[in-house]
Amino acid sequence: MTLTLERPTESVAIPTAEPLAEDDGAVKTRELVIVNWSGDLDRVWPVMILSSAAAASGVRCKVFVTFWGLLPFVKDHKRILGDNWMQKMLTLMQRPGIDHLKLSKMNFMGMGSWMMGSLRKKYNVASPRELLEAATALGVEFIPCQMTMDMFGLRREDLIDEMGEPAGAATAIALMTEADASLFI
Amino acid sequence: MTLTLERPTESVAIPTAEPLAEDDGAVKTRELVIVNWSGDLDRVWPVMILSSAAAASGVRCKVFVTFWGLLPFVKDHKRILGDNWMQKMLTLMQRPGIDHLKLSKMNFMGMGSWMMGSLRKKYNVASPRELLEAATALGVEFIPCQMTMDMFGLRREDLIDEMGEPAGAATAIALMTEADASLFI
Amino acid sequence: MTLTLERPTESVAIPTAEPLAEDDGAVKTRELVIVNWSGDLDRVWPVMILSSAAAASGVRCKVFVTFWGLLPFVKDHKRILGDNWMQKMLTLMQRPGIDHLKLSKMNFMGMGSWMMGSLRKKYNVASPRELLEAATALGVEFIPCQMTMDMFGLRREDLIDEMGEPAGAATAIALMTEADASLFI
(Lines give C-alpha, C1' and ligand atoms only; values in the text may rest on other atoms or scores of the structure.)
Protein backbone atom coordinates (compact mmCIF):
# COMPACT_ATOMS: atom_id res chain seq x y z
CA MET A 1 0.00 0.00 0.00
CA THR A 2 1.42 3.34 -1.02
CA LEU A 3 0.06 6.83 -0.53
CA THR A 4 1.02 9.25 -3.25
CA LEU A 5 1.02 13.01 -2.73
CA GLU A 6 0.40 15.10 -5.83
CA ARG A 7 2.70 18.09 -5.98
CA PRO A 8 3.07 20.58 -8.85
CA THR A 9 6.50 19.38 -9.91
CA GLU A 10 6.83 15.81 -8.76
CA SER A 11 5.08 12.88 -7.16
CA VAL A 12 6.59 11.02 -4.24
CA ALA A 13 5.76 7.92 -2.30
CA ILE A 14 4.99 8.12 1.41
CA PRO A 15 5.83 4.94 3.29
CA THR A 16 2.78 3.19 4.69
CA ALA A 17 2.17 0.00 6.63
CA GLU A 18 0.18 -3.12 6.96
CA PRO A 19 -2.32 -2.69 9.85
CA LEU A 20 -0.81 -3.60 13.22
CA ALA A 21 -1.62 -6.87 14.91
CA GLU A 22 -3.77 -6.47 18.01
CA ASP A 23 -2.73 -8.15 21.24
CA ASP A 24 -6.12 -8.79 22.69
CA GLY A 25 -8.49 -9.18 19.79
CA ALA A 26 -10.19 -5.87 20.60
CA VAL A 27 -9.74 -2.86 18.35
CA LYS A 28 -7.24 -0.65 20.13
CA THR A 29 -5.50 2.22 18.39
CA ARG A 30 -1.76 2.17 18.98
CA GLU A 31 -0.04 5.41 19.85
CA LEU A 32 3.41 6.77 19.08
CA VAL A 33 4.83 9.92 20.69
CA ILE A 34 7.90 11.63 19.25
CA VAL A 35 9.85 14.49 20.80
CA ASN A 36 11.21 16.55 17.90
CA TRP A 37 14.15 18.25 19.63
CA SER A 38 16.48 18.85 16.70
CA GLY A 39 16.32 21.29 13.81
CA ASP A 40 18.79 19.31 11.68
CA LEU A 41 17.76 17.82 8.35
CA ASP A 42 18.98 14.36 9.27
CA ARG A 43 16.85 14.25 12.45
CA VAL A 44 13.74 16.16 11.31
CA TRP A 45 13.56 13.82 8.34
CA PRO A 46 13.11 10.60 10.37
CA VAL A 47 10.58 12.44 12.58
CA MET A 48 8.54 13.24 9.47
CA ILE A 49 8.98 9.76 7.96
CA LEU A 50 8.00 8.00 11.21
CA SER A 51 5.06 10.27 12.04
CA SER A 52 3.54 10.16 8.55
CA ALA A 53 4.13 6.41 8.25
CA ALA A 54 2.55 5.90 11.68
CA ALA A 55 -0.56 7.88 10.77
CA ALA A 56 -0.80 6.12 7.39
CA SER A 57 -0.73 2.74 9.11
CA GLY A 58 -3.41 3.63 11.66
CA VAL A 59 -1.11 4.45 14.57
CA ARG A 60 -2.10 7.68 16.34
CA CYS A 61 0.95 9.92 16.43
CA LYS A 62 1.70 13.04 18.46
CA VAL A 63 4.89 15.05 18.05
CA PHE A 64 6.06 17.34 20.85
CA VAL A 65 8.15 20.04 19.17
CA THR A 66 10.82 21.61 21.36
CA PHE A 67 14.12 23.54 21.41
CA TRP A 68 15.99 23.59 18.04
CA GLY A 69 13.18 21.43 16.70
CA LEU A 70 10.69 24.32 16.82
CA LEU A 71 12.49 26.43 14.19
CA PRO A 72 11.53 24.21 11.22
CA PHE A 73 7.87 24.80 12.17
CA VAL A 74 8.10 28.57 11.69
CA LYS A 75 6.10 29.85 8.69
CA ASP A 76 8.05 29.92 5.49
CA HIS A 77 8.10 33.67 4.83
CA LYS A 78 9.22 34.56 8.37
CA ARG A 79 12.88 35.41 8.54
CA ILE A 80 14.13 37.14 11.69
CA LEU A 81 11.97 36.77 14.78
CA GLY A 82 11.92 37.60 18.46
CA ASP A 83 11.78 40.65 20.69
CA ASN A 84 15.43 41.20 21.57
CA TRP A 85 18.77 41.02 19.78
CA MET A 86 19.59 37.58 21.16
CA GLN A 87 16.41 36.05 19.80
CA LYS A 88 16.83 37.85 16.49
CA MET A 89 20.38 36.53 16.26
CA LEU A 90 19.17 32.97 16.86
CA THR A 91 16.79 33.03 13.89
CA LEU A 92 19.40 34.87 11.83
CA MET A 93 22.02 32.14 12.43
CA GLN A 94 19.62 29.21 12.28
CA ARG A 95 17.25 30.04 9.41
CA PRO A 96 13.76 28.83 10.33
CA GLY A 97 11.32 26.96 8.08
CA ILE A 98 10.97 23.37 6.93
CA ASP A 99 12.72 24.08 3.59
CA HIS A 100 15.94 25.34 5.19
CA LEU A 101 17.20 22.35 7.10
CA LYS A 102 20.89 21.45 7.18
CA LEU A 103 22.66 18.20 7.93
CA SER A 104 24.12 17.88 11.44
CA LYS A 105 27.35 16.60 9.87
CA MET A 106 28.98 16.60 6.44
CA ASN A 107 27.04 19.76 5.59
CA PHE A 108 30.11 21.34 3.94
CA MET A 109 28.62 24.81 3.56
CA GLY A 110 25.38 23.37 2.26
CA MET A 111 26.79 20.92 -0.29
CA GLY A 112 26.04 17.85 1.81
CA SER A 113 22.44 18.96 2.33
CA TRP A 114 22.11 19.70 -1.39
CA MET A 115 23.45 16.24 -2.23
CA MET A 116 20.94 14.63 0.14
CA GLY A 117 18.20 16.55 -1.67
CA SER A 118 19.45 15.31 -5.04
CA LEU A 119 19.65 11.71 -3.88
CA ARG A 120 16.21 12.03 -2.34
CA LYS A 121 14.64 13.14 -5.63
CA LYS A 122 16.56 10.54 -7.63
CA TYR A 123 15.22 7.75 -5.41
CA ASN A 124 11.69 9.16 -5.00
CA VAL A 125 11.93 9.82 -1.27
CA ALA A 126 9.57 12.53 0.02
CA SER A 127 11.08 15.78 1.32
CA PRO A 128 10.54 16.96 4.91
CA ARG A 129 7.97 19.51 3.63
CA GLU A 130 6.04 16.87 1.71
CA LEU A 131 6.11 14.52 4.67
CA LEU A 132 4.99 17.31 7.03
CA GLU A 133 2.03 18.05 4.73
CA ALA A 134 1.17 14.35 4.57
CA ALA A 135 1.51 13.98 8.34
CA THR A 136 -0.81 16.89 9.16
CA ALA A 137 -3.30 15.74 6.49
CA LEU A 138 -3.27 12.27 8.05
CA GLY A 139 -3.96 13.67 11.51
CA VAL A 140 -0.53 13.74 13.20
CA GLU A 141 -0.70 16.31 16.00
CA PHE A 142 2.30 18.64 16.29
CA ILE A 143 2.44 20.32 19.72
CA PRO A 144 4.78 23.30 20.21
CA CYS A 145 6.67 23.61 23.51
CA GLN A 146 5.54 26.74 25.35
CA MET A 147 8.86 27.21 27.14
CA THR A 148 10.81 27.14 23.87
CA MET A 149 8.39 29.68 22.33
CA ASP A 150 9.00 31.99 25.30
CA MET A 151 12.78 31.65 25.22
CA PHE A 152 13.11 31.97 21.45
CA GLY A 153 10.55 34.78 21.24
CA LEU A 154 8.25 32.85 18.89
CA ARG A 155 4.52 33.64 18.89
CA ARG A 156 1.76 31.23 17.92
CA GLU A 157 1.21 33.18 14.69
CA ASP A 158 4.87 32.72 13.73
CA LEU A 159 4.35 28.96 13.61
CA ILE A 160 2.55 27.06 10.85
CA ASP A 161 -1.22 27.00 11.23
CA GLU A 162 -1.38 23.21 11.32
CA MET A 163 0.18 23.02 14.81
CA GLY A 164 -1.85 22.33 17.94
CA GLU A 165 -1.97 24.44 21.09
CA PRO A 166 1.33 25.06 22.94
CA ALA A 167 1.94 22.81 25.95
CA GLY A 168 4.56 22.13 28.61
CA ALA A 169 6.80 19.29 29.77
CA ALA A 170 4.12 17.80 32.01
CA THR A 171 1.80 17.33 29.03
CA ALA A 172 4.61 15.71 27.07
CA ILE A 173 5.23 13.30 29.95
CA ALA A 174 1.55 12.43 30.22
CA LEU A 175 1.42 11.70 26.47
CA MET A 176 4.59 9.59 26.56
CA THR A 177 3.64 7.43 29.53
CA GLU A 178 0.24 6.74 27.93
CA ALA A 179 1.63 5.87 24.49
CA ASP A 180 2.82 2.47 23.25
CA ALA A 181 6.20 3.87 22.24
CA SER A 182 8.06 7.15 22.72
CA LEU A 183 11.11 8.44 20.90
CA PHE A 184 13.37 11.42 21.56
CA ILE A 185 14.79 12.43 18.17
CA MET B 1 0.35 24.48 40.01
CA THR B 2 3.86 25.81 40.20
CA LEU B 3 6.76 24.80 42.37
CA THR B 4 9.12 27.60 43.23
CA LEU B 5 12.69 27.03 44.32
CA GLU B 6 14.17 29.70 46.55
CA ARG B 7 17.70 30.57 45.59
CA PRO B 8 19.85 33.38 47.00
CA THR B 9 19.73 35.52 43.92
CA GLU B 10 16.60 34.59 42.05
CA SER B 11 13.40 32.59 42.09
CA VAL B 12 12.42 30.39 39.17
CA ALA B 13 9.45 28.28 38.21
CA ILE B 14 9.74 24.52 37.81
CA PRO B 15 7.22 23.07 35.38
CA THR B 16 4.71 20.81 37.08
CA ALA B 17 1.69 18.85 35.92
CA GLU B 18 -1.87 17.88 36.48
CA PRO B 19 -2.03 14.31 37.91
CA LEU B 20 -2.08 11.66 35.20
CA ALA B 21 -5.28 9.88 34.24
CA GLU B 22 -5.31 6.23 35.26
CA ASP B 23 -6.26 3.58 32.71
CA ASP B 24 -7.83 1.08 35.00
CA GLY B 25 -9.28 2.99 37.92
CA ALA B 26 -6.62 1.58 40.26
CA VAL B 27 -3.84 3.76 41.61
CA LYS B 28 -0.77 2.85 39.60
CA THR B 29 2.31 5.01 39.59
CA ARG B 30 3.57 5.68 36.10
CA GLU B 31 7.28 5.39 35.41
CA LEU B 32 9.62 7.25 33.08
CA VAL B 33 13.21 6.16 32.41
CA ILE B 34 15.68 8.52 30.75
CA VAL B 35 19.17 7.66 29.53
CA ASN B 36 21.24 10.83 29.95
CA TRP B 37 23.99 10.15 27.41
CA SER B 38 25.03 13.68 26.48
CA GLY B 39 26.97 16.32 28.38
CA ASP B 40 25.71 19.17 26.19
CA LEU B 41 23.62 21.99 27.64
CA ASP B 42 20.87 21.57 25.07
CA ARG B 43 20.41 17.88 25.90
CA VAL B 44 21.05 17.89 29.67
CA TRP B 45 18.48 20.65 29.97
CA PRO B 46 15.54 18.63 28.61
CA VAL B 47 16.65 15.69 30.78
CA MET B 48 16.39 17.93 33.84
CA ILE B 49 13.12 19.54 32.73
CA LEU B 50 11.48 16.19 31.96
CA SER B 51 12.73 14.39 35.07
CA SER B 52 11.75 17.18 37.49
CA ALA B 53 8.40 17.71 35.76
CA ALA B 54 7.76 13.96 35.89
CA ALA B 55 8.47 13.77 39.61
CA ALA B 56 6.40 16.89 40.28
CA SER B 57 3.42 15.33 38.51
CA GLY B 58 3.64 12.04 40.38
CA VAL B 59 5.49 10.04 37.71
CA ARG B 60 8.37 7.99 39.13
CA CYS B 61 11.48 8.88 37.19
CA LYS B 62 14.86 7.19 36.95
CA VAL B 63 17.77 8.61 34.97
CA PHE B 64 20.60 6.32 33.84
CA VAL B 65 23.64 8.56 33.46
CA THR B 66 26.22 7.37 30.94
CA PHE B 67 29.15 8.39 28.71
CA TRP B 68 29.47 12.18 28.14
CA GLY B 69 26.37 12.54 30.30
CA LEU B 70 28.27 11.57 33.44
CA LEU B 71 30.57 14.62 33.43
CA PRO B 72 27.86 17.13 34.46
CA PHE B 73 27.31 15.01 37.58
CA VAL B 74 30.86 15.49 38.83
CA LYS B 75 31.09 17.63 41.98
CA ASP B 76 31.47 21.30 41.30
CA HIS B 77 34.92 21.90 42.75
CA LYS B 78 36.51 18.92 40.96
CA ARG B 79 38.53 19.97 37.96
CA ILE B 80 40.90 17.39 36.47
CA LEU B 81 40.15 13.77 37.25
CA GLY B 82 41.33 10.26 36.44
CA ASP B 83 44.35 8.05 36.90
CA ASN B 84 46.16 8.44 33.59
CA TRP B 85 46.92 11.25 31.15
CA MET B 86 44.10 10.26 28.80
CA GLN B 87 41.47 10.49 31.51
CA LYS B 88 42.95 13.73 32.81
CA MET B 89 42.86 15.16 29.29
CA LEU B 90 39.18 14.23 28.93
CA THR B 91 38.15 16.24 32.01
CA LEU B 92 40.51 19.02 30.98
CA MET B 93 38.91 19.38 27.54
CA GLN B 94 35.35 18.75 28.70
CA ARG B 95 35.04 20.66 31.96
CA PRO B 96 32.85 18.64 34.34
CA GLY B 97 30.04 19.98 36.58
CA ILE B 98 26.43 21.00 35.99
CA ASP B 99 27.33 24.71 35.75
CA HIS B 100 29.75 24.27 32.85
CA LEU B 101 27.55 22.93 30.09
CA LYS B 102 27.95 24.08 26.50
CA LEU B 103 25.56 24.02 23.57
CA SER B 104 26.10 21.20 21.07
CA LYS B 105 25.81 23.77 18.28
CA MET B 106 26.00 27.55 17.95
CA ASN B 107 28.23 27.66 21.00
CA PHE B 108 30.57 30.20 19.36
CA MET B 109 33.29 30.02 22.00
CA GLY B 110 30.72 30.20 24.77
CA MET B 111 28.65 33.11 23.47
CA GLY B 112 25.73 30.92 22.41
CA SER B 113 25.64 29.22 25.80
CA TRP B 114 25.84 32.61 27.53
CA MET B 115 22.94 33.89 25.41
CA MET B 116 20.85 30.84 26.33
CA GLY B 117 21.55 31.61 29.99
CA SER B 118 20.45 35.21 29.53
CA LEU B 119 17.26 34.24 27.72
CA ARG B 120 16.57 31.64 30.39
CA LYS B 121 16.75 34.21 33.21
CA LYS B 122 14.74 36.77 31.24
CA TYR B 123 11.91 34.27 30.76
CA ASN B 124 12.11 32.69 34.21
CA VAL B 125 13.19 29.24 33.07
CA ALA B 126 15.09 27.20 35.66
CA SER B 127 18.78 26.43 35.06
CA PRO B 128 20.08 22.85 34.80
CA ARG B 129 21.48 23.17 38.35
CA GLU B 130 18.17 24.38 39.77
CA LEU B 131 16.30 21.65 37.94
CA LEU B 132 18.78 19.02 39.16
CA GLU B 133 18.26 20.17 42.74
CA ALA B 134 14.49 20.10 42.28
CA ALA B 135 14.64 16.66 40.66
CA THR B 136 16.68 15.08 43.46
CA ALA B 137 14.50 16.79 46.10
CA LEU B 138 11.43 15.38 44.37
CA GLY B 139 12.86 11.85 44.36
CA VAL B 140 14.24 11.40 40.85
CA GLU B 141 16.88 8.67 40.98
CA PHE B 142 20.09 9.36 39.05
CA ILE B 143 22.08 6.15 38.43
CA PRO B 144 25.70 6.42 37.24
CA CYS B 145 26.95 3.93 34.63
CA GLN B 146 29.71 1.79 36.13
CA MET B 147 31.44 1.19 32.79
CA THR B 148 31.68 4.92 32.09
CA MET B 149 33.09 5.54 35.58
CA ASP B 150 35.77 2.91 34.90
CA MET B 151 36.71 4.24 31.47
CA PHE B 152 36.72 7.91 32.48
CA GLY B 153 38.49 7.22 35.79
CA LEU B 154 35.68 8.69 37.90
CA ARG B 155 35.18 7.44 41.47
CA ARG B 156 31.91 7.47 43.38
CA GLU B 157 33.21 10.30 45.56
CA ASP B 158 33.90 12.43 42.46
CA LEU B 159 30.18 12.42 41.67
CA ILE B 160 27.53 14.45 43.48
CA ASP B 161 26.26 12.83 46.67
CA GLU B 162 22.65 12.75 45.46
CA MET B 163 23.36 9.99 42.92
CA GLY B 164 22.36 6.37 43.47
CA GLU B 165 24.61 3.33 43.31
CA PRO B 166 26.48 2.67 40.03
CA ALA B 167 24.89 0.08 37.75
CA GLY B 168 25.40 -1.55 34.36
CA ALA B 169 23.60 -1.87 31.03
CA ALA B 170 21.54 -4.86 32.18
CA THR B 171 20.03 -2.82 35.01
CA ALA B 172 19.23 0.00 32.58
CA ILE B 173 17.47 -2.48 30.28
CA ALA B 174 15.46 -3.95 33.16
CA LEU B 175 14.35 -0.44 34.21
CA MET B 176 13.42 0.56 30.65
CA THR B 177 11.40 -2.53 29.81
CA GLU B 178 9.45 -2.15 33.06
CA ALA B 179 8.74 1.57 32.62
CA ASP B 180 5.82 3.19 30.80
CA ALA B 181 8.16 5.24 28.62
CA SER B 182 11.90 5.36 27.96
CA LEU B 183 13.92 8.07 26.28
CA PHE B 184 17.54 8.14 25.12
CA ILE B 185 18.59 11.80 25.28
CA MET C 1 27.22 -13.85 35.15
CA THR C 2 29.71 -12.84 32.50
CA LEU C 3 30.00 -13.88 28.88
CA THR C 4 33.51 -13.89 27.54
CA LEU C 5 34.34 -13.72 23.86
CA GLU C 6 37.59 -15.32 22.83
CA ARG C 7 39.50 -13.20 20.36
CA PRO C 8 43.02 -13.81 19.03
CA THR C 9 44.65 -10.94 20.88
CA GLU C 10 42.51 -10.24 23.90
CA SER C 11 39.56 -11.36 25.95
CA VAL C 12 36.82 -8.95 26.98
CA ALA C 13 33.77 -9.10 29.17
CA ILE C 14 30.31 -8.58 27.69
CA PRO C 15 27.84 -7.08 30.17
CA THR C 16 25.07 -9.47 31.07
CA ALA C 17 22.12 -9.34 33.43
CA GLU C 18 20.12 -11.05 36.09
CA PRO C 19 16.85 -12.39 34.55
CA LEU C 20 14.07 -9.82 34.54
CA ALA C 21 11.27 -9.95 37.06
CA GLU C 22 7.91 -10.86 35.54
CA ASP C 23 4.86 -8.73 36.31
CA ASP C 24 2.25 -11.39 36.12
CA GLY C 25 3.90 -14.64 37.06
CA ALA C 26 3.64 -15.92 33.50
CA VAL C 27 6.73 -16.34 31.35
CA LYS C 28 6.68 -13.41 28.93
CA THR C 29 9.73 -12.43 26.95
CA ARG C 30 10.41 -8.74 27.17
CA GLU C 31 11.29 -6.84 24.02
CA LEU C 32 13.57 -3.90 23.33
CA VAL C 33 13.67 -2.06 19.99
CA ILE C 34 16.52 0.30 19.15
CA VAL C 35 16.76 2.63 16.16
CA ASN C 36 20.45 2.87 15.29
CA TRP C 37 20.46 6.20 13.44
CA SER C 38 24.03 7.36 14.04
CA GLY C 39 27.34 6.17 12.63
CA ASP C 40 29.37 7.79 15.43
CA LEU C 41 31.47 5.67 17.79
CA ASP C 42 29.90 7.20 20.90
CA ARG C 43 26.37 6.30 19.75
CA VAL C 44 26.98 2.97 18.00
CA TRP C 45 28.75 1.80 21.14
CA PRO C 46 25.74 2.13 23.47
CA VAL C 47 23.57 0.49 20.78
CA MET C 48 25.92 -2.50 20.81
CA ILE C 49 26.23 -2.56 24.61
CA LEU C 50 22.46 -2.34 25.14
CA SER C 51 21.52 -4.84 22.43
CA SER C 52 24.06 -7.49 23.49
CA ALA C 53 23.26 -6.97 27.19
CA ALA C 54 19.54 -7.25 26.41
CA ALA C 55 19.98 -10.51 24.53
CA ALA C 56 22.29 -11.87 27.24
CA SER C 57 19.65 -11.18 29.89
CA GLY C 58 16.84 -12.81 27.96
CA VAL C 59 15.30 -9.68 26.49
CA ARG C 60 14.48 -10.04 22.78
CA CYS C 61 16.15 -7.18 20.94
CA LYS C 62 15.65 -5.80 17.43
CA VAL C 63 17.73 -2.98 16.00
CA PHE C 64 16.41 -0.94 13.07
CA VAL C 65 19.47 0.39 11.27
CA THR C 66 18.95 3.63 9.38
CA PHE C 67 20.66 6.71 7.86
CA TRP C 68 24.25 7.31 9.07
CA GLY C 69 23.79 4.23 11.25
CA LEU C 70 23.83 1.91 8.24
CA LEU C 71 27.44 2.65 7.28
CA PRO C 72 29.02 0.73 10.21
CA PHE C 73 27.18 -2.37 8.96
CA VAL C 74 28.92 -2.37 5.60
CA LYS C 75 31.34 -5.28 5.14
CA ASP C 76 34.84 -4.57 6.28
CA HIS C 77 36.68 -4.82 2.98
CA LYS C 78 34.22 -2.55 1.13
CA ARG C 79 35.58 0.92 0.63
CA ILE C 80 33.78 3.18 -1.86
CA LEU C 81 30.22 2.22 -2.71
CA GLY C 82 27.22 3.43 -4.68
CA ASP C 83 26.20 4.05 -8.28
CA ASN C 84 26.83 7.77 -8.69
CA TRP C 85 29.47 10.28 -7.61
CA MET C 86 27.36 11.57 -4.69
CA GLN C 87 26.99 8.14 -3.17
CA LYS C 88 30.66 7.36 -3.77
CA MET C 89 31.60 10.64 -2.07
CA LEU C 90 29.49 9.75 0.96
CA THR C 91 31.34 6.48 1.59
CA LEU C 92 34.63 8.20 0.78
CA MET C 93 34.08 10.89 3.42
CA GLN C 94 32.43 8.64 5.99
CA ARG C 95 34.45 5.42 5.88
CA PRO C 96 32.08 2.46 6.37
CA GLY C 97 32.64 -0.59 8.60
CA ILE C 98 32.36 -1.25 12.32
CA ASP C 99 36.10 -0.77 12.88
CA HIS C 100 36.18 2.78 11.51
CA LEU C 101 33.91 4.66 13.87
CA LYS C 102 34.75 8.16 15.06
CA LEU C 103 33.59 10.14 18.07
CA SER C 104 30.86 12.72 17.40
CA LYS C 105 32.88 15.22 19.45
CA MET C 106 36.45 15.55 20.71
CA ASN C 107 37.63 13.41 17.80
CA PHE C 108 40.62 15.71 17.13
CA MET C 109 41.64 14.11 13.82
CA GLY C 110 41.22 10.64 15.29
CA MET C 111 43.12 11.12 18.54
CA GLY C 112 39.99 11.19 20.68
CA SER C 113 38.72 7.99 19.10
CA TRP C 114 42.13 6.37 19.55
CA MET C 115 42.16 7.39 23.23
CA MET C 116 38.71 5.87 23.73
CA GLY C 117 40.04 2.65 22.21
CA SER C 118 43.01 2.67 24.58
CA LEU C 119 40.85 3.34 27.64
CA ARG C 120 38.46 0.64 26.48
CA LYS C 121 41.23 -1.99 26.33
CA LYS C 122 42.74 -0.84 29.61
CA TYR C 123 39.43 -1.30 31.42
CA ASN C 124 38.36 -4.48 29.59
CA VAL C 125 35.39 -2.99 27.80
CA ALA C 126 34.37 -4.79 24.59
CA SER C 127 34.80 -2.99 21.26
CA PRO C 128 31.85 -2.26 18.95
CA ARG C 129 32.97 -5.15 16.69
CA GLU C 130 33.17 -7.60 19.59
CA LEU C 131 29.78 -6.46 20.87
CA LEU C 132 28.26 -6.74 17.38
CA GLU C 133 29.56 -10.31 17.12
CA ALA C 134 28.18 -11.13 20.56
CA ALA C 135 24.85 -9.52 19.74
CA THR C 136 24.34 -11.44 16.51
CA ALA C 137 25.48 -14.68 18.20
CA LEU C 138 22.95 -14.07 20.97
CA GLY C 139 20.13 -13.53 18.47
CA VAL C 140 19.80 -9.76 18.21
CA GLU C 141 18.12 -8.96 14.90
CA PHE C 142 19.63 -6.09 12.90
CA ILE C 143 17.21 -4.79 10.25
CA PRO C 144 18.53 -2.46 7.52
CA CYS C 145 16.35 0.46 6.38
CA GLN C 146 15.41 0.00 2.72
CA MET C 147 15.07 3.73 2.06
CA THR C 148 18.58 4.41 3.36
CA MET C 149 19.98 1.60 1.20
CA ASP C 150 18.33 3.16 -1.85
CA MET C 151 19.55 6.67 -1.12
CA PHE C 152 23.09 5.67 -0.19
CA GLY C 153 23.38 3.15 -3.04
CA LEU C 154 24.03 0.22 -0.72
CA ARG C 155 23.08 -3.29 -1.83
CA ARG C 156 22.21 -6.19 0.47
CA GLU C 157 25.54 -7.86 -0.40
CA ASP C 158 27.44 -4.73 0.69
CA LEU C 159 26.12 -5.22 4.22
CA ILE C 160 27.33 -7.84 6.70
CA ASP C 161 25.72 -11.25 6.26
CA GLU C 162 24.32 -11.31 9.80
CA MET C 163 21.70 -8.64 9.02
CA GLY C 164 18.03 -9.45 8.47
CA GLU C 165 15.90 -8.51 5.48
CA PRO C 166 15.57 -4.77 4.65
CA ALA C 167 12.37 -3.12 5.87
CA GLY C 168 10.67 0.27 5.96
CA ALA C 169 9.43 2.81 8.49
CA ALA C 170 6.08 1.09 8.91
CA THR C 171 7.77 -2.10 10.05
CA ALA C 172 9.89 -0.13 12.50
CA ILE C 173 6.75 1.48 13.92
CA ALA C 174 5.01 -1.87 14.28
CA LEU C 175 8.04 -3.27 16.14
CA MET C 176 8.30 -0.25 18.43
CA THR C 177 4.65 -0.07 19.43
CA GLU C 178 4.70 -3.80 20.24
CA ALA C 179 7.92 -3.68 22.28
CA ASP C 180 8.28 -2.95 26.01
CA ALA C 181 10.75 -0.15 25.34
CA SER C 182 12.03 1.70 22.29
CA LEU C 183 15.07 3.92 21.97
CA PHE C 184 16.22 6.23 19.17
CA ILE C 185 20.01 6.38 19.44
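By letter and in written order, the chains are A, B and C; residue numbering begins at 1 in each of them.
FYI, a residue touches a chain if its C-beta (ideal position, glycine included) is under 8 Å from a C-beta of that chain, and two chains touch if they have at least 3 such contacts.
Owing to the predicted nature of the structure, the values given are computational and were not obtained by experimental measurement.
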Overlaying subunit B on subunit C by their Cα positions calls for a rotation, in degrees to the nearest 5, of 120
At the subunit A/subunit B interface, shared numbers over all numbers used: above half (same) or below half (different)?
different
For subunit A paired with subunit B, centre-to-centre distance based on mean C-alpha positions, whole Å
26
Residues touching two or more other chains, restricted to subunit A: which are they?
182-184
In the complex, the residues of subunit A that touch subunit C are 15-18, 20-21, 23, 30-32, 42-43, 45-46, 49-50, 53-54, 56-57, 59, 105-106, 115-116, 118-120, 122-123, 125, 180-185
If we count contacts the way the header does, which residues on subunit C are in touch with subunit A in the complex?
33, 35, 37, 66-68, 84, 86-87, 89-90, 93-94, 104, 147, 150-152, 168-174, 176-179, 182-184
